[in-house]
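To keep things simple, chains are lettered A, B, C and D as they appear, and every chain counts its residues starting from 1.
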Amino acid sequence: MGEPNFALPEAKQVLYQPAGGRRLFSDPDADAAREYFHNKSRKKVDKTTTAAEAVARLVSDGDYLGVGGFGANRIPTAILHEIVRQHKKNLGLAGHTATHDFQILVAGRCVNRCDVAYVIGLEARGLSKRARQAVESGEIEITEWTNAALAWRYKAAAMGVSFIPARCMLGTDTVQYSAAVEMECPFTGKKYLALPALYPDVGVIHVHRADVYGNCQIDGIMVSDFDLARASKRLIITTEQLIPEEMIRRAPDRTAIPYYLVDAVVEVPYGSYPGNMAYMYYSDEEHLQEWLQAEQDPKTLADFIERNIYGVPDFWSYLMLNGGPARLAGLRHQETLLEK
Amino acid sequence: MGEPNFALPEAKQVLYQPAGGRRLFSDPDADAAREYFHNKSRKKVDKTTTAAEAVARLVSDGDYLGVGGFGANRIPTAILHEIVRQHKKNLGLAGHTATHDFQILVAGRCVNRCDVAYVIGLEARGLSKRARQAVESGEIEITEWTNAALAWRYKAAAMGVSFIPARCMLGTDTVQYSAAVEMECPFTGKKYLALPALYPDVGVIHVHRADVYGNCQIDGIMVSDFDLARASKRLIITTEQLIPEEMIRRAPDRTAIPYYLVDAVVEVPYGSYPGNMAYMYYSDEEHLQEWLQAEQDPKTLADFIERNIYGVPDFWSYLMLNGGPARLAGLRHQETLLEK
Amino acid sequence: MSYNRMELMISLASRFLEDESIVVVGTGAPCAAAMLAQTLYAPNLMIMFEAGGIGPLLPSMPISVGDSRTFYRALAASSMPEIMETCQRGMVDYTFLGGAQIDMYGNINSTMIGSDYSRPKVRFPGSGGANDLASFCWRTMMITVQDARRFTNKIDFITSPGYLTGKGAREAAGLPPGSGPYKVITDLGVLGFDAETKRMQVESIHPGITREQIAANTGFELLWSPDLDTSEPPTEQELAVLREKVDPYRYIIGRS
Amino acid sequence: MSYNRMELMISLASRFLEDESIVVVGTGAPCAAAMLAQTLYAPNLMIMFEAGGIGPLLPSMPISVGDSRTFYRALAASSMPEIMETCQRGMVDYTFLGGAQIDMYGNINSTMIGSDYSRPKVRFPGSGGANDLASFCWRTMMITVQDARRFTNKIDFITSPGYLTGKGAREAAGLPPGSGPYKVITDLGVLGFDAETKRMQVESIHPGITREQIAANTGFELLWSPDLDTSEPPTEQELAVLREKVDPYRYIIGRS
């Protein structure tokens, strides 16, 4: 086999063409983010706190939010409820398959803008009437993306660059309602889409295990949380269980999120309920259907949210209200296939 | 906190300026790679074979090689020796901290071009006289990069895009002797360096455990092997141990390399020797010093390579030649701190 | 043996999946078709889910493409970027999409109905991973009921790319060459795409369905394959596997 | 208590590392300085190695930045991209570089000696991760012996960026603002960089060393800090920790 030769490109003028006219909801500038990260504390201290304190301290009206997991799988429900309970307003959201998480936040009217890949639907469960109404009415301003585009926008931020090239969205209306830019590859001259880095003001991720400093282990799929954790300016962790640092040090290649990224650690057993938590408990489909049903009428929804969120002091009360230990045991057995 | 607004860029002409005049040794085109991957077999079959057969079948003269691990840590020594033993010629190499691996290949005069981040040196062990001579004499053509640049060039290929932006190398002579292109961010207008995707013809990676299909587990640091495995058109795996598929399925989040990337699996206990294998055995510093000493004179080097590579039929014979079980036991105890 | 239209569509879809290939599926009918294919035709068909599941031994129908069933005893539990990058790299052979509208070039709408984007008559979830999969995977398939509202060239929003405006349009737009729509399996027939024009073309008509019915239920002019065929109905074996193994609770096959 | 120049340089370097900061180090003196700092001054100094080690409990001096000591009982065993991206993102405060030549703006050569790139008099390993770390980390430090050949403006190859041609040059080149050379610790003194001109400036002179000696061992004109000081020699405590804990086999401190 001969040895191929690949000519270097000549210097050339190329066109950067905005492909979509929609609004960019967050600053992609890597230098602005570097300034923030420069001043971010690297203190390795006990960061355990309550959901109420974490949300009060770390989430402000107008912030842009990135939520970990995948819709109704490994989601930080306790923090989402607390954001509603504290009446946070005008939040931006990355709609990277945001299903039950989106449903919770719109029930509280907390969101006014959203980078949408997938919202409104709950996958095979059906559509959220309230979420659909919030988007159709214009209550929430939308810019269109895709799951890969949002995943890569997180990745660009995690890498510390302000953009990243991709080959999706091209040629469709999706790109025309995005904020992406068409460009070309400096080496091949082929058309690419430039995606802007996405640095959320606040990231919220639920994990299987964390120590008090915020070193985290996640079992099963990571979805986009590896990059979300690194892209987020502030990061709130909820964990099924607090573990000693010693357990982190015994398996360092299992550390998905190191402590210096983390601003708060909240221990929340069953913290993904009514969502699924891999290897621990399955999603509570009855409760999710109850929620979808309650949305059929604004009054019943208001009562439902009053009862499940505003009316309870914390997440544990919400668990007790919806079946408590017996129900949770059933979900554990479903997850481990002891029950179908 | 108010809600910021980030104006979209206008359409504009920008300049792509080649920052370095050196040669690109591999094709960055993502479509050419897609065509290759389109035709790559997805057969889930027993891929176990010998180092000799794997090299004979999968490595051709002129191929571009990517070697896993980090210089003298978790390196696929058996395959490197076999490439020398089979007198492969005119290979390209990614010099992504290539230390003992580079030393082996230049001893066999197998390499004629190299993307250099770090070669010649063996870190704290000193410099390889033979490697230095091979580079100084022009025997090996060089293009300059950095460790991050080569890691990201693998990542671009693994992502399936022909380039990726970075902020290193700028302003230095390193970039002037590279094949990178200066460009600007479509969103911030700031200067970035575009790195071309690096798709090796052949990747070679040593792992802790693999099943016969090529599903692999790696303990400790990954270095750049996650992306190298995905960027490589053909992939040879050597493994300390073959394990049943069942063990892969019991811990799917530990699978670093899935079978469909892999073309050959070779079981090679102590396969990183004389390099370090995390949690198993430490590097054989005496043997590495012996090698560096042998290089002081071409004749002694020729004898050394004759004895250790050409003169032995396989890797096991090489291990026996250099102390065998007793030596390996010592290295195991060093690694586990039973001996200092 | 009697069967319903969902059982028919799933059985037909399963026959198009070659062994030793890789498919990314969602929940529902596509997942059922892939599971059926694995059981009868393609034992080494590798199933991926966009949230990260790779090669699971599916114990039951997942309700989410990210739930724990999608990586139950899997070969790998990875991530969204890993799956999407594997697709963009060119390693994924098939995918299945759904949608509210599809036009004669296989462009799909799963975003909105209406003429004003900012005030849609009906808003749908959006692309999710659909646009990505339609852009990257070699062969895109669709399982859907067929009617003139759904099969229309007056598509309100192109969420995911088919052949866009015809031959060469994907490449001109910057999408990877050689990829695109492959089969559309409906309750009336199986439709492919003409190699020259990239327009939708009827390849087989289901038993008991007439050519006129298909035309009447399509909002644009269809091409007809020169070797137009009658669809092979589900075999007893296919129905047995579907009903007993793949979907015993009739989550999907109970829908029609 | 007597000490050698290596012990002096390592002790001085260790005092510049603030607690609760993050440093990427290589093997040798920088690693020793970081370990010394952890023991005496900065218990929560977080050490990273470019191949992926994060926060290890170093049992001994690593011989490679990728060997298993670099992630022994670590907080994370990650990857090269993870470390480099953490640096590029702006999370890493300090790094240490070595080199064959350094100029008055702190630009470093670790690639080659000679005037013809294609036929170098002497070829060195090259950047490795040095250029990356010098580009991304907030404060770059160097531990080196000082002589006029090494400290020269006739630098044959700029491998890693210092302040390039002076104030604003890094930013103009596209490098992240606010980063750059911080301290150069030699066997003669401690050198910093003037805020205005970004030129190398002597901040302290080691005991027994004269201003003339430093000038004579520098190939370019040095600036002298207005509050020029005498370096504080290693304390007994520093020497004890260095000799008994950090480097008992004198791998590094035995070199001078």
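Note that contacts are C-beta pairs under 8 Å (C-beta built on N, C-alpha and C of every residue); 3 or more make two chains touch, one makes a residue touch a chain.
This one's a predicted model, so the numbers in the text were calculated from it and none came from an experiment.
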- prompt: A-D versus B-D: which has more C-beta pairs touching?
  reply: B-D
Message: Quick check: how many Å separate the C-alpha centres of chain A and chain B?
response: 34
- line: Chain centres from averaged Cα atoms put chain B and chain D apart, in whole Å, by 27
- prompt: Roughly how far is chain C from chain D, going centre to centre by Cα mean, in whole Å?
  reply: 58
Message: Can you work out the whole-Å distance between the CA centroids of chain A and chain D?
response: 39
Field: Residue numbers of chain D (touch at least two other chains)
entry: 71, 77-78, 81, 87-88, 136, 176
Query: Can you list the chain B residues in contact with two or more other chains?
result: 30-31, 152, 159-161, 166-167, 190, 192, 220-222, 252-253
- prompt: Among line, ring, star, complete and other, which one matches the pattern of chain touches?
  reply: other
- prompt: All pairs of touching chains?
  reply: A-B, A-C, A-D, B-C, B-D
Field: Residue ranges of chain B touching chain A (in the complex, touch as defined)
entry: 1-18, 20-31, 60-63, 90, 92, 112-113, 152, 159-167, 179, 181, 183, 185-188, 190, 192, 194, 196-197, 218-222, 252-253
Query: Quick one: in the complex, what on chain B touches chain D?
result: 69-73, 95-97, 99, 116-121, 123-125, 127, 132, 135-136, 138, 144-149, 151-152, 155, 166-174, 177, 182, 190-193, 220-227, 276-279, 282-283, 285, 335, 337, 340
- prompt: For chain B, which residues count as touching chain C in their complex?
  reply: 30-31, 33-38, 40-44, 157-161, 215, 230, 245, 248-250, 252-253, 255, 258-260
- prompt: Which bits of chain D are touching chain B when the two form their complex?
  reply: 26-28, 50-53, 59-60, 63-68, 70-71, 77-81, 84, 87-88, 107, 111, 117-120, 122-132, 135-136, 157-161, 164, 169-170, 172-176, 251
Field: Residue ranges of chain D touching chain A (in the complex, touch as defined)
entry: 20-22, 44, 46, 54-57, 71, 73-78, 81, 85-91, 93, 136, 138, 176-178
